[in-house]
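Here come two complexes built around subunit A, the first alongside subunit B, the second alongside subunit C.
Moving on, here comes the complex of A and B:
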């Protein structure tokens, strides 16, 4: 029997600290990266155990719903509709007991901001002609920059700005939906639910094993870098340090291959024949069907909107 | 290089699924007949390694750091088909754990990083190294060139996918709906930053890893198992 206190889950996000590393060289940055990875992994694990809306749904329904919504969002080119879907993901985030502020930060931090930066040039008429919204500089006729001839004046266009905002918003909406999926589903269960979309059992098992061994390998890498740090008084030259890193990666590769041999033998000795069995422990309840039907009909309506069959 | 959802239009990402499904299917068939029951643990550990390789920061001139994708060295050491599956699993984890790369664009990402890279990496390495002895420096140089070219090719393939978006998807007023820049901008933008930046790093790291494996246990290299003494000799690698 597992005692109760072991079953208790601490729902508060933990914080991993690498301590102070002084000037951050490649060692400090690596250690920090690994701790950041662990923090992120444990954080999403803790969110996935909270008693919220998304957490209570069957993972297969969640996966199919999110796939449908992301597909629909990728077809939509109407800003109002995109904003509406985005707000819907925020509402579901709130109902799933995930901090909305944290969620917005988590989503926007990397991908949509990057998309926004990519989209910035397109607001100027240099890349995309359109009606002027705000003139930046008037160059006069025949202006050119090196071999490129420039238009008479450079201005921000209405169409370009709209297209850039829609592009960024679409990326943000799609990323939000996917982040919502993996924040509310424990990884191992999420992998298992991939069976519904036709991923063969053998790859579900491979994914699950990979997930486990990543933590082991990460820990080994962290130890290598800490050991190096502990033994470093004066850093050696750049080339020597680079050689060291290359050697450690090579060593990790050799170790993972030899570990795979041992794991294989351990599996064989426990009766593994190469055939994969996965326990099917999902149960659909009425609200799962309801949620799935709702998500899929919303997506269908969205696709119809994107094809101009329904007008908004 | 991980393409998020929303960058590519449906024609492109659906086409990439149609291309990738037979590739995955064939890779799976080939590996299960070659590796038998060893398939799951070997691919799981290889995928975990492909994931972890990105955590290794390499010091660069000027105090900055960088990391490699490692897809070429995976292809060289495990062979291209195992490389396809190992990289696919690693990419799946990145998408499902961090949202790094979209879910509908997953097939497109796999094509660039799990097919183009290990395949071009392996065959370029094979072609240049020819019949050179396993421990020759010619092989290390071929690995470096393989790492360099394979990443440039992957960048070109990504840039191409971006660049065809304005041709495929435009609103009635001619405004691009997805990635807004045409081939004349997207392709050079992707290529330049790789040719003069990331690919050099990839080449250096590929050569460093290759050099270490050569020195330690050259029998691990794919297709060189005839001279393999004992696969477990990896244990004796200096810690």
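Moving on, here comes the complex of A and C:
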């Protein structure tokens, strides 16, 4: 059955150094990064099962409360109040049996990316006029940058710094509240609770299915990569690797399309007819009403503060 | 006995080009246990998809429960009485469990079917509990499908279909990838369902289970036509038929109910032990399939 050349067996012993041979390829790093992120997302589900304060509340109450707090916090422009709300989220984090250190790190990891880029220009007098806090460079009168005229000196302004700090703090507070919600609620229950704020059933189902199949497709991507690695005898150039990635992206898309078609068939087969029915198993207890009322009252007070109706 | 499925000269081709089924005429009666056997690509899965009204014949007619199945009645958005009836009566276990398991947890997966059929929530819950217990998968209830093993996925897939209590069960390669113990469990389950009066149609190329789960076998040829439609026992003993349908290799031996293969070294050994022995003692190495 086998051709002649396959009858050759060459088992010469070889000695190769096991030292470093340079950096890891970009594909491996990217795939590991994405998988790592997904695994962490999956791992953080374990926080939602701890017996803490937030975990014990009805997801609908949590969702509505967090939304109310986020709305109120985004209206507040007093730093002291913002810091107070931020500290409150930390307290709730602690009561929800989540490591406060871990929580702070998780939130502040994203803040520089989202808020920093927007806030940094604010502190310079080039963009927002104000009183000098720290002079960076003195340019003299009539300085130009191309067609733009520059002020005499460039400095960091007091007002700008304050505005940037408030802005960042506001983002941090809102992100903390949302991260708290995500950490203490299993993803799937969170999706379901979206129904309470009027998200249609079909979107909730789609969201759930997306979450489910991301893992599956990711696993397929990893398998493709491992299969490639297993057959890679000579490492290839960056361009070749990029071509491979492009091809695989297309292939994954085609596979996911054909899979979605089959999933649809599987749903049809079990009686799905366009109008989806899902089970909603939420029970409100007294503490849920209490927590919801507390969150909404705090938010209301915050809004009144922001409108200067209550003074602090 | 009432006829459940009635296919008359049904052909099917994908994108109008790739033939999957050619001129299939067959009837399946209530309470029958039928195996559809054939090599890879012979059209078994397509035949099942047609039987479950998921795809429609390119030509020919398909009747289920005495009603003509048409794309108009099944693919319309508005509710169709016959469609609801059909979906309640017929259950389909897909070959790839990952396709069938799209819900966040095992519990919700099993509850999906009865919820679509508009059963009251209390009944849905009690049915799900019963099925979890019957399939011995209670401990998996809150697990996410992607964390299950292959065997567990298959069990959950079957549970999601049985919970609708269909009278007709279609299974696509149900034993593929299962360990021997789970395979045996599956055979016993299908036998029990058969005794309960369910109609069970299984597409498979696992010759070992055919005799246990069906009394009638339909052999699909590589030309996508029905090659033979007879009782399972006589089909399994027709070595020439199985060989010509590419279901067995010339080194496969059938010993009564047991199918097995011998690993041969090429050359003289090959000649010496021949392939004619059916039954009897063997003293050479064998690999049980």
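Quick note on the criterion: the second predicted complex is superposed on the first by the 276 of 312 C-alpha atoms of A that agree within 3 Å, B and C clash if a C-alpha of one lies under 4 Å from a C-alpha of the other, contacts with A are read in each partner's own complex, and residues count from 1 in each chain.
Note that a residue touches a chain if its C-beta (ideal position, glycine included) is under 8 Å from a C-beta of that chain, and two chains touch if they have at least 3 such contacts.
All figures in this text were calculated on a predicted structure; none of them were measured in a lab.
A.B. asks: Could you look at A:1 and tell me whether it touches subunit B, subunit C, both or neither (first, second, both, neither)?
C.D. replies: It touches subunit C, and subunit B stays clear.
A.B. asks: Looking at A:263, would you say it contacts subunit B, subunit C, both, or neither? Reply first, second, both or neither.
C.D. replies: both
A.B. asks: Under the stated touch criterion, which partner chain does A:213 make contact with: subunit B (first), subunit C (second), both, or neither?
C.D. replies: In the superposition, A:213 contacts both subunit B and subunit C.
A.B. asks: Which partner does A:255 contact after superposing on A: first (subunit B), second (subunit C), both, neither?
C.D. replies: first
A.B. asks: Just to be sure I read the superposition right, which of the two partners does A:182 touch: subunit B = first, subunit C = second, or both, or neither?
C.D. replies: It touches subunit B, and subunit C stays clear.
A.B. asks: Which partner chains sit in contact with A:202 here, subunit B, subunit C, both or neither? Use first/second/both/neither.
C.D. replies: first
A.B. asks: Output check: A:274 vs subunit B and subunit C. Expected answer is one of first, second, both, neither. What do you get?
C.D. replies: In the superposition, A:274 touches subunit B and subunit C alike.
A.B. asks: With both structures fitted on chain A, tell me whether subunit B or subunit C touches more of subunit A's residues.
C.D. replies: Of subunit B and subunit C, more residues of subunit A lie in contact with B.
A.B. asks: On the A-aligned overlay, A:174 touches which partner chain: subunit B = first, subunit C = second, or both, or neither?
C.D. replies: first
A.B. asks: Take the contacts of subunit A with subunit B and those with subunit C, and give the residues found in both.
C.D. replies: 187, 191, 209, 211, 213, 216, 259, 263, 267-268, 272-274, 276
A.B. asks: For subunit A, which residues are in contact with subunit C within the complex?
C.D. replies: Checking each residue of subunit A against subunit C gives 1, 187-188, 191, 208-209, 211-213, 215-216, 219, 259, 262-263, 265-274, 276-279.
A.B. asks: Report the residues of subunit A in contact with subunit B in the complex, numbered from low to high.
C.D. replies: Where subunit A meets subunit B, its residues are 25-27, 29-30, 33-34, 37, 40-41, 44, 66-67, 70-71, 73-75, 77, 107, 111, 115, 118-119, 121-122, 127-128, 130, 159-160, 162-164, 166-167, 170-171, 173-175, 178-179, 182, 187, 190-191, 200, 202-203, 205-207, 209-211, 213-214, 216-218, 221, 238, 241-243, 245-261, 263-264, 267-268, 272-274, 276.
A.B. asks: Show me the residue ranges of subunit C that touch subunit A in the complex, using the header's touch definition.
C.D. replies: Within the complex, subunit C touches subunit A at residues 49, 52, 54, 77, 79, 83-84, 87-88, 90-92, 94, 96, 98-100, 102-105, 108, 111-113, 115-118, 121, 124, 144-146, 160-161, 164, 266.
A.B. asks: For a test of understanding, state which residues of subunit B touch subunit A in their complex under the given definition.
C.D. replies: Counting only subunit B, the residues touching subunit A are 4-7, 9-10, 13, 28, 32, 36-49, 51-53, 55-61, 63, 65, 70, 73, 77, 85, 89-90, 92-93, 95-99, 102-104, 171, 173, 175-181, 185, 204-205, 207-213, 216-217, 220, 231-232, 234-235, 237-239.
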